[in-house]
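Next come two complexes built around chain A: one with chain B, the other with chain C.
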Partner chain A sequence: MALRPRLRGGLNAVFWELWSRMEFLTYMGAVFEPLSLALLVGGTIGGLILGATPGLSPTMAVALLIPFTFHLQPAQGLILLGAAYTSTVAGGAVSAILLKIPGAPANIATAIDGNAMARKGEGARALQLSFLASGVGGVFGVFVLIFLTPVLAKWVLAFSFPHLFWLAILGVTIIGSLDTKSFVKGLLSGCIGLWLSTIGTDDIYGVPRFVFHDSLTGGINIIAALIGLFAIPQVLDMMAKGRSSAVIEALEVPRHAILSAVRELISRARALILGTGIGTIIGIIPGVGGQVAGLVAYDQAQKFSPERDKFGSGHPEGIIAAESANNAMVGPSLVPLLTLGIPGSPTAAVLLGGLLIHGIFPGPDLFTTHAAVTWTFIDSMLIGQILMATFGILTAGIAAKISRVPMPIMAAAVLILALFGSYSVQQSMGDVYVMLGLGLGMYGLQKFGFSAAPLVLGLILGPIAADNFQTGSMIAAAQNGPWVYFFTGWLNILLIAMVLGSIAYSFWINMIVPRRKAQAQKAQAQKAGGQGHD
Partner chain B sequence: MTDPVSKPAAPASANRLQHLVPALIVLAVAAVVAVTSWTQQPADVFVFPRLVSVFFVILALWNATRAVLGLSKVGTGLSLREALNILPGALVMIALIYGAAKFFGFYAASSVAFLTIATLYDPAKLTSLRAWLVRIAVSAAFMGVIYLLFAVLLRVQTPRGLFF
Partner chain C sequence: MMKIIAGALVALTMTAGSALAQSYPDRPIGVAVSYGAGGATDFQARIVTMVAGNEDMLGQPMYILNKPGSGGRVGWNWFATEVDADGYTLSAYNVPHFIAQSIKGGVKYDVNSFEPIANWGSDPAVVVVPNDSPFNTIQDMVEYATNNPGKVTLSGAGLFVGHHIAALQLEKETGAKFAYIPTKGGGAAAMKAAIAGDVMGGINNLSDAFRAREAGNIRILAVADLQRNEEFLPDVPTLMEAGYDVDDSSVNFRGLMVPAGTPQDVIDALSATVPEMFNHGRVVGKMAAGGSPMKVMSREDVQAMWAERQAFLQDLLAGL
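Moving on to the complex of A and B:
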């Protein structure tokens, strides 16, 4: 009998907890306001076409769109960026399947079986399965974002100046060490970004720092930098191919009933569940991104499939696993971004820039002060996933045609968009110079193993790290000194351990593992040589 | 202006010298950052840059040492063919941004730059009238969209220069 009130209390608590998670429904109407819906539909269709175009990455597409959002309300701007992020990842499957050229790194695994199916005359079936799997994975990913983010955001309330400093440093080290093939160059890129963030006149003392040219007096504008770092290297990459006359062979897309694709997706639920689950987990891990999600899901789907021998020769499960994973990754990649300010992927890093220019900072304020903007944005991502799957199936044929736009036209178009986009933010030629300077420099660095993502993150998180470090140092000077303030307490120690852990893991993967593999191969070769002599 | 070569560039692989050049440039930048941070006053303004410069110099030194020892292998480098392919386009880009856009006006200079880049990298013969017509039509249409987006919709005031 005594249990009954306790049980009722427990059930009440669970009900209210669940009800509080339903807050996202309150703001759903804002997504259907005429301008918001137009931006969502336009961003989705535009993103699908941009994603389908080889050479235009989702990161670059989002970076080029940021100047347009500057003239919109924060919620509407974020709706456009979110739609572009979602649909460029999925749109990349079109060129992966029909041209065997992944539209984005996230679609590499899709090209394996997708193109093989298209060559067998099953292009439409492959595209339908790809968009349906993307839709299912994407919707699940956004639900993870909806239910996990507010919980983590509340946890962030415990963070003070030193913790926020370490968190910003963790963001740079984690993406610097996980997103590159060389951890030294990854961390160096992060350092360059942190240094670039200090350029300009100091806010408190009014003293110029590293101002080598007048255009740097106000510091480096994030949008101009994002456009330069992501768009200019791609323009130069296209130019590096020269007057290539190679004709891209596009495969025909015969008709295929959508309902049979839906039935097939349900019958291959194992690959869908695996892809969605793996994509979700990888999305939450900061700095990893869609490419890894797609490849890991493909690999696991192959291992668990009774038809694993058919993978690589046009097996639908290969597409389902890869596409559900790379879109399931999108929502969860925003969980660490919106709560801690650490992006889950390079595109999420650019999205962080989009948030900051609208004066929205990651953390608990997102769900209190900026609740309307945040929930409208998240809701739009949910609707956007459904629109993406629908328009993807309907417009795949058109996207495939547009994706064959000649490279010289594409290079010229991106350059002109970069010029106008970077100028339009502050109507300043200084921003345009900075954009080109950073772009040319980044192209050179990328050719030698440096990466743009950690540099961008250093540039974005630099001011957060610097402000918290300066304020923290002042408080520390008045208390027990910086050692106690920055290096003691369980949260400081946990964050420092994570910073060191991310560096150590990358060191292990990039330095120790290849050396051991080389040693093992050498030993094996010697052994084989010895046996040969015998 | 160098004419872009007609052959597509073969994938390059960087040698030790190629890795050494960016490694030394990054080291030089790190040194400038460190010297500036630790010598400029007031010190309070440079507290964070000083912290960054310490790690910047250490990592740049590590990277340069690896490049000197031939251990730096990540990255394809830039082949001569790729550099020659890029050169004319990069010159158009630099001329557009650092001079022409302001002097002639954004829209006029951008239209010419668009057409120039599209022509330089188009595999079609330069004598082909059809290819010229297509390129001119695409350039005009694209610049029309840009004008609608930036001048009409976003109302961005761009430098007019000599023309437009």
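Moving on to the complex of A and C:
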């Protein structure tokens, strides 16, 4: 009985806290002022186009827009940046689905099933599902930002070096099962990726590793690698086929009704919920970000799906999980920035610049002194997500027609895009050579049944694991040693348990289950054979 | 048709002729930044170059080229070896970073590979602690580190950057031993570690620390400069005032430079105009709003500062 008033008091406090966050509605009007709305629409459409261009990552797109905000009011400048951030992340899905070139690391998982669907002539359906899922995930993410920012600020600080290390290891455990028929080949691809990630001058000790040429001093640029690993094998494939097939392969693009895409999304709620949830959680953790959100969500959606065997051959749930995750991450990824002034991702770092330039310092007074600017910015992201989904869906049919382009032209176009994209990342020919080298290597590996996605995941996770381990070890050496530092505390233990669970699951599903199936089949065959003798 | 083409050709040759006659610059100028988009150097470089296109300045816009990697080594290697010395590609410098890196070796540049144009900013290193830290003064921290060698963890943006230099100087002066923790992800990651209490303290940029303190996230114990910063941190003592003979050698100077071998008249043209550009009212206003301390220095002053840092760092890093 004593609990009840306390409970009621607590609930009341929570209610009032949430109610105070309803303030965001007050500033909704500012988003619909003519100039603001024009910037929002322009930023969204421009962002979709930039995002669909391979080599132009969200970070780059936002950085390019910063000088334009010099001439705008603070709120309007941020509207432009927020809209561009939102829509470049979603726009990356277009090239991932149609060309199998992920626009940014966030869209890698989308390329796996999205492109398989496009090849089956379902490009329009894949794009519609992708934008719808992005919209739903994105709106949820912004709501989390609106209502839970104060709570989540503590969560941000809870993640330290050992936890980020274990998180990266958790990512490593899903490598083997990602987009591959063979568990062992998946693991091998992952190892190649992890090795590639060690190339370059080590950021912490300043020691060069595997640097045989100047252009490798800075390591392998992830965007250049993405383009090479995904686009080049495809170009070579297209060229090889172009010679042998006299008939130009023109894929039919049947129109796909938007309403049926909505219905399909609802019927695949499991993937949507998983993707949105995982994207939101990963988004909050500084230093991990959207690069892995899509891949982790894809992997989980596959594990929980009864049709997990169909993943990789064009299963809509793969797209839904990946795209809802990478847009759900957008809102929460701003929590560390808005509460602590610490950018949790490179894109957030650029947004911080956009804030500072107008004399706005992130921190507690962001929601008091600068409430008008902050809330207008957040509101514009909310509207931006909806606009992005709408524009994307409306143009999906037109964009999908790209699949009708004859194969030789397509191969040439993709090659040009790949060269342009890898050069433009940091205006460096070195990146172009790296892109071509990795692409040729990947083409060879694909002939032996290896795939690019686990390799890229290794390339992304390698530095996260290594750097956090190195820094963590240094702190551990000054404190109570590595055992205490890496293996105690509830968050470490929880993450280690998840790592062990993930390994056990992989072992079960990839080693035990197939063997049992084989045994059962054998037994059945024997039984059938035995019956035959009677 | 031919007439139009001929007309166009004539027009082209005429503009080309007048451009040749006109002095430098006749096309946009690139500014390489050896750090990623969104970092402090990138952010400030974008502000200080924004009026370059004004008629009374260079008359041509400056655009930013990001060449990040390995604490700046990638960008400066590229700048020292690949860039035409024609004045159309400049680079931002960070002192003491590039000088310390060249002394430690493994890079393709040293202080003689570049010619300074002008300096725009100086960001001193400050010592920060989490809000709940037991250290209330810098003396508390040094005393604890003296009694517990290697136990005081201090985060900073990397090895041989200003933050690390300040820690080394403080160790050398006091005889205390710190555990300097370089974080990947630059000053922001180092600051996060300090706010969250992952480390016992940190050395960070004055500008970032000022904002973090305004937000109520950390306390600032001391600044490694010759004078207090009256604009942003009038209440924070210098290390000198606290009784430690640590000078301003760790101050992070930012400015523009060209590769060695650039024609003298181009260097002269740039070093005459660029300081004016840095002092432009709009630039100063934006820099102040962003909490970025400015220090405009002429080419001659920067040359002297580089030479002084080179001698000092060679001495400090000799034993490491």
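Keep this in mind: the second predicted complex is superposed on the first by the 272 of 534 C-alpha atoms of A that agree within 3 Å, B and C clash if a C-alpha of one lies under 4 Å from a C-alpha of the other, contacts with A are read in each partner's own complex, and residues count from 1 in each chain.
Following the convention adopted for this analysis, a contact is a pair of C-beta atoms (placed from the backbone, for glycine too) under 8 Å apart; a residue touches a chain by one contact, two chains touch by 3 or more.
In this text, all values refer to a predicted model and were calculated from it rather than measured experimentally.
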Partner chain in contact with A:205 - chain B first, chain C second, else both or neither: both
Chain B versus chain C as contact partner of A:73, first or second or both or neither: neither
First (chain B), second (chain C), both or neither touched by A:427: both
First (chain B), second (chain C), both or neither touched by A:440: first
First (chain B), second (chain C), both or neither touched by A:362: second
Partner chain in contact with A:187 - chain B first, chain C second, else both or neither: first
Touched partner set for A:415, first chain B, second chain C, both or neither: first
Chain B and chain C contact sites that coincide on chain A, given as residue numbers: 202, 204-205, 427
Chain A residues within the chain C interface of the complex: 59-60, 62-63, 66-67, 70, 157-158, 160-161, 200-206, 208, 214, 217-219, 286-287, 336, 340-343, 346-353, 356-359, 361-365, 426-428, 463, 467, 471, 474-475, 477-479
Touching residues on chain C, where the partner in the complex is chain A: 36-39, 42-43, 46-47, 50, 65-71, 73-74, 77-78, 81, 101, 104, 106, 108, 150-153, 158-160, 179, 181-185, 188-189, 191-193, 195-199, 211-212, 214-217, 286, 289-291
Chain A residues touching chain B - in the complex, by the definition given at the top: 68, 71, 180-182, 184-185, 187-188, 191-192, 194-195, 198, 202, 204-205, 207, 209-210, 232, 235-236, 238-246, 406-409, 411-413, 415-417, 419-420, 423-424, 427, 429, 432-433, 436, 440, 444-450, 465-466, 469-470, 473
Residues on chain B engaged by chain A in the complex (per definition of touch): 4-9, 14, 18-19, 22-23, 26, 29-30, 33, 36, 40, 42, 44-49, 51-53, 55-56, 59-60, 62-63, 66, 72, 74-78, 81-82, 85-86, 89-90, 93-94, 96-98, 101-102, 106, 110, 113-115, 117-123, 138-139, 142-143, 146, 149-150, 154, 156-159
